[in-house]
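See the structures that follow.
The following pair of complexes shares a single chain, subunit A, combined with subunit B in the former and subunit C in the latter.
And now, the complex of A and B:
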């Protein structure tokens, strides 16, 4: 080794420049394969009639998408997914924010209550959904309660009722997600300096006015995260549907994710299944990204 | 502001009532799970007369929950280890070699976070089936690793960028290799973010049903959620047995939650605030 090379090498070491690029290879390889190549292939297969077994798939243009918008089951799944996600996002965030505001500061049981509301978040959606299926069953607790309070006329097999089946899934989704929404809002509330709230209280602002003018604007980042995340979660709903209603009665509670699963793996229609996936992917991306833009712009205005 | 006023008491009572309502599903889960068949069928809602614990052994054996518990541990453990090992070294290289290359790579990972995985699901399944990776531990671990790697790299990169370089520089000057420096000096400093990655991805993978249903249903490698699903299929509306199986399948997470609730909530929200 020449003496002249030594200082140069030391300098390179000091700048940390000797971390070999090879280190990125495993991560880049799996992400390219499972995210990019897979998504690219999926986009192509969405325009084919591929059965998943043969090597060749025939290009069928927009046929799959025509079918999605014409077939009552697929169109129903699309509508249900949107209805469910819309109602779920609003409800879960309103309740989550409400609980967070209630729990924030001074409560003696704060830690315990936070744990109770968060518990459903960490549990298997599939497993807890069976408890809800029982609660909604004909001889289950909900109908028994209606009996006891003299509302027999409202009794029905909730998960087997075409109008209500979808909304039993909605209840499970809200119950499971509220805790997550709550901790996101709690984290946001903790970032609000107490002095700010106190100052406006001293100035004589009412509780509601303080909430609107001080708390809500400062919560904007938490709102962005919680709303976007619940949208993604709600649009992709699968476990709860399969466990509570199975998509029934007669497709009344099918969602895009359950249709993807059934069309692809039960009926072997891989091309059509990827077309449904493409619809779901576009839906999630467009809604989540536009929400991010709108809410971030709102954050800046506030 | 922090005074405990009458209004605070009202708030506290209301929230306690709501929390009790929130727990109702757990109440039914437990009381039905300890009833014998006849009682579960005739009066499912009454408080149980006696504890009928044999439901648990029936569920444990008939749903082969012992095997599924091991499967869940292998699959979740393997995926989380891969996400930590591969993700941290990749993020370290990206963070410590600034330039056009690392910016491009970083963008590649961030974009993948936004990209929903559902579209790639079907082609991935077909390719992995052709390689014999469907129905194997390796296949599902690879799949979870690929899907959650962008999160891991993203979280690690942010953390490494905020980390001072002095320690690793000292180690390099002392003559340690890059790998040794990473293992001995850098990786221990990454502990907080390693915890976040482990908790966040670990919980999601442990509870995942969709992918494990597609890849492992009908094999002997099914994790807990799929085992419960098959068990319900076989024992439809025998709620006492179903609920016993549900309780057993939830137990590991429940214990984890009781022991490390604070870390768990912090880690989970830490993973989300990206």
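And now, the complex of A and C:
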């Protein structure tokens, strides 16, 4: 009986393993065809000088990639992208976590406050950016405030100042992303049993020690998600740059995404723009995946 | 009694006959409607928007539809720049092009007609009946003709100059400047009286480059009208032209003289507009086709134009370019209707009406200097003298990167990020991309 049953189980196991894969094949084929093969086929243009309108494109090999690393504007865009993403990821996550901790339990009005902090996330990036552009303009509210409090010497056209232009975008990004970061940390905090915190308090642990030794290790999965998402968001920033500074003054706030747009659509250099897109894709993939591995390893250690 | 009471058997017959009659009438009517509809042709037009749609152009299309009830125009208006250019390119490449579409003259812009003609997307208009009567200055012919084919209809000539508030200028006691030194003096006077003389949207590459090319016309082309051709044939460079150096130096001088309002380097077109329409800033380098829009913001304001002065009054030149043009898609299946629309748009009535509505000049008005609108009278004297009128220099530049670089570097001159020498080198580098 048992000898006859064993092959039957094997058959069932085999069939149970293969049938769902057959069912999923059409969906996988569609995803591959429309998301990866189509995009991958477009990478061919990165090795051409196609201008977006001619019927034929000339193969130029790696010329576009050489130009990226030789062109000061493209190199500057790469540096700005990394600077902006680095500062944004740290600031947005620190503030998001701080707000989440503040609104986790004690406050009675926490529901309302959570909604207020989350509101910028659902607003259009472009609309928000235009509002901030007005705030930063020379006759805008920020300079008016500086005037009012007697700090006229600090007045400047913020979005047209080579030193400050990039950081005006940073402010907009943080302002808009903090709400999302807060929600991710709140979800993580909800999953931490209250008893653990209470027990450590009874044992005499200070608030900071409880946070460091109990809350933070248990928040590791939320940190992984929030940091990874904000990294991807920060590296691909586009709307805010285009609306607030347009990448200026003279490339001072240009990022890789805006360079791609300008080279491709404003200058009609589709081949070069595609090469820049490839560089950005590789950069985001490498940074996001390696960051994910590091954070996952840290989660296991905690 | 029998005569009154009809037999129940005959009723269905009568109803049947009535129904059949109604059906025949309905079918006949339907057939005639269907027949009329089958004779109606709808042509797709893609054109530039100015603010909300383009009511001035729509007025021309409405009139055409009244005159040609068998042709319906389905017009789409998109903002000029990357949105318009990329929609047009995508539609043309996808084989779903508009039958008639807006283009600009020459080759230096995103929607320039010559690259589209080179790629085979525009129909030849050389045999249209208006070709021999529609005036096109010899200097402008290379922007439209390619290998014996006419690529587009030059629909409107757009003068570019310095638009100013008549009343504000008078209140400040400033005369229209006729030389560079008078211009700089006007800046100092306006600033001393709490106003600014010249507006600039420094963060808009289009406006900053327009300002620089207009200034260059009265410096570079005043000395050497053939400079553009020399640059195209490689006989000169930006860096090797002293007049280009002087043009860019004048921008720095204007900044130092306080010509521009604070924050001009950070302003895009929209944030720069309120300062001008309220009269806080006296003047602004603009194409005349913007008059209608600016007048709608402040109906009380009285505007005129003056020509951007050169070093001397004799050097002063004016830009007037046949920038607004319309082409027919080479693969349109509605060629007859599309040509009919283009033929109508080429008439003096249509071009004149459009010019008067927008603030542009029709090709016929440009040829005679007559019947141009009130606000352009300050340029009228120049427009009558062929040797003092030039199309915008960038129309014949080889790619959009040159004019974008010029705009970007003008902003750099204002912020101190660029020197005159760096700007000239950047322009020569962009020429070769």
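For the reader, a short list of remarks on this structure follows.
One rule holds in what follows: the second predicted complex is superposed on the first by the 267 of 302 C-alpha atoms of A that agree within 3 Å, B and C clash if a C-alpha of one lies under 4 Å from a C-alpha of the other, contacts with A are read in each partner's own complex, and residues count from 1 in each chain.
Keep in mind that, in the parts below, a residue touches a chain if its C-beta (ideal position, glycine included) is under 8 Å from a C-beta of that chain, and two chains touch if they have at least 3 such contacts.
In this text the structure is predicted, and so the values were computed from the model without any measurement.
If you count the residues of subunit A touched by subunit B and by subunit C, you find the higher number for B.
By the document's definition of touching, neither partner reaches A:199: not subunit B, not subunit C.
With both structures placed on the common chain, the touch criterion links A:124 to subunit B but leaves subunit C unconnected. Contact with both subunit B and subunit C is seen for A:134 once the two complexes are overlaid on the shared chain. Applying the stated contact rule after C-alpha superposition, one finds that A:161 touches subunit C and leaves subunit B untouched.
Of the two partner chains placed by superposition, only subunit C is touched by A:268; subunit B is not. In the superposition on chain A, A:62 makes contact with neither subunit B nor subunit C. Judged by the touch definition given at the top, the superposed model places A:52 against both subunit B and subunit C. Touch criterion not met for A:90: it reaches neither subunit B nor subunit C.
Subunit A residues 52, 134, 137, 139, 261, 265 lie at the interface with subunit B in one structure and with subunit C in the other.
Residues 51-55, 133-134, 136-139, 157-162, 245-246, 248-252, 261-262, 265-269 of subunit A touch subunit C in their complex. For subunit A in complex with subunit B, the residues that touch the partner chain are 10, 13-14, 16-21, 23-24, 26-28, 30-39, 41-43, 45-46, 52, 99, 102-103, 105-109, 112-128, 130-132, 134-135, 137, 139-141, 144, 175, 180, 183-184, 187, 194, 197-198, 201, 225, 229, 232, 236, 238-239, 242-243, 257, 260-261, 264-265, 270, 273-274, 277-278, 280-281, 284-285, 288-289. Residues 81-82, 85-86, 89, 92-93, 110, 115-116, 118-121, 202-204, 261-263, 265-268, 271, 399-401, 404, 408-409, 411-412, 414-415, 417-418, 433 of subunit C are the ones touching subunit A in the complex.
Every residue of subunit B that touches subunit A in the complex is listed here, in rising order: 1-4, 8, 11-12, 14-16, 18-19, 22-26, 28-29, 32, 44-45, 86-87, 89-90, 92-94, 96-97, 101, 105, 108-109, 112, 114-126, 142-143, 145-147, 149-150, 152-153, 165, 168-169, 172-173, 178, 182, 203, 206-207, 209-210, 213-214, 224-225, 228-229, 232, 237, 239, 242-243, 246, 249-250, 253-254, 256-257, 261, 264-265, 268-269, 272-273.
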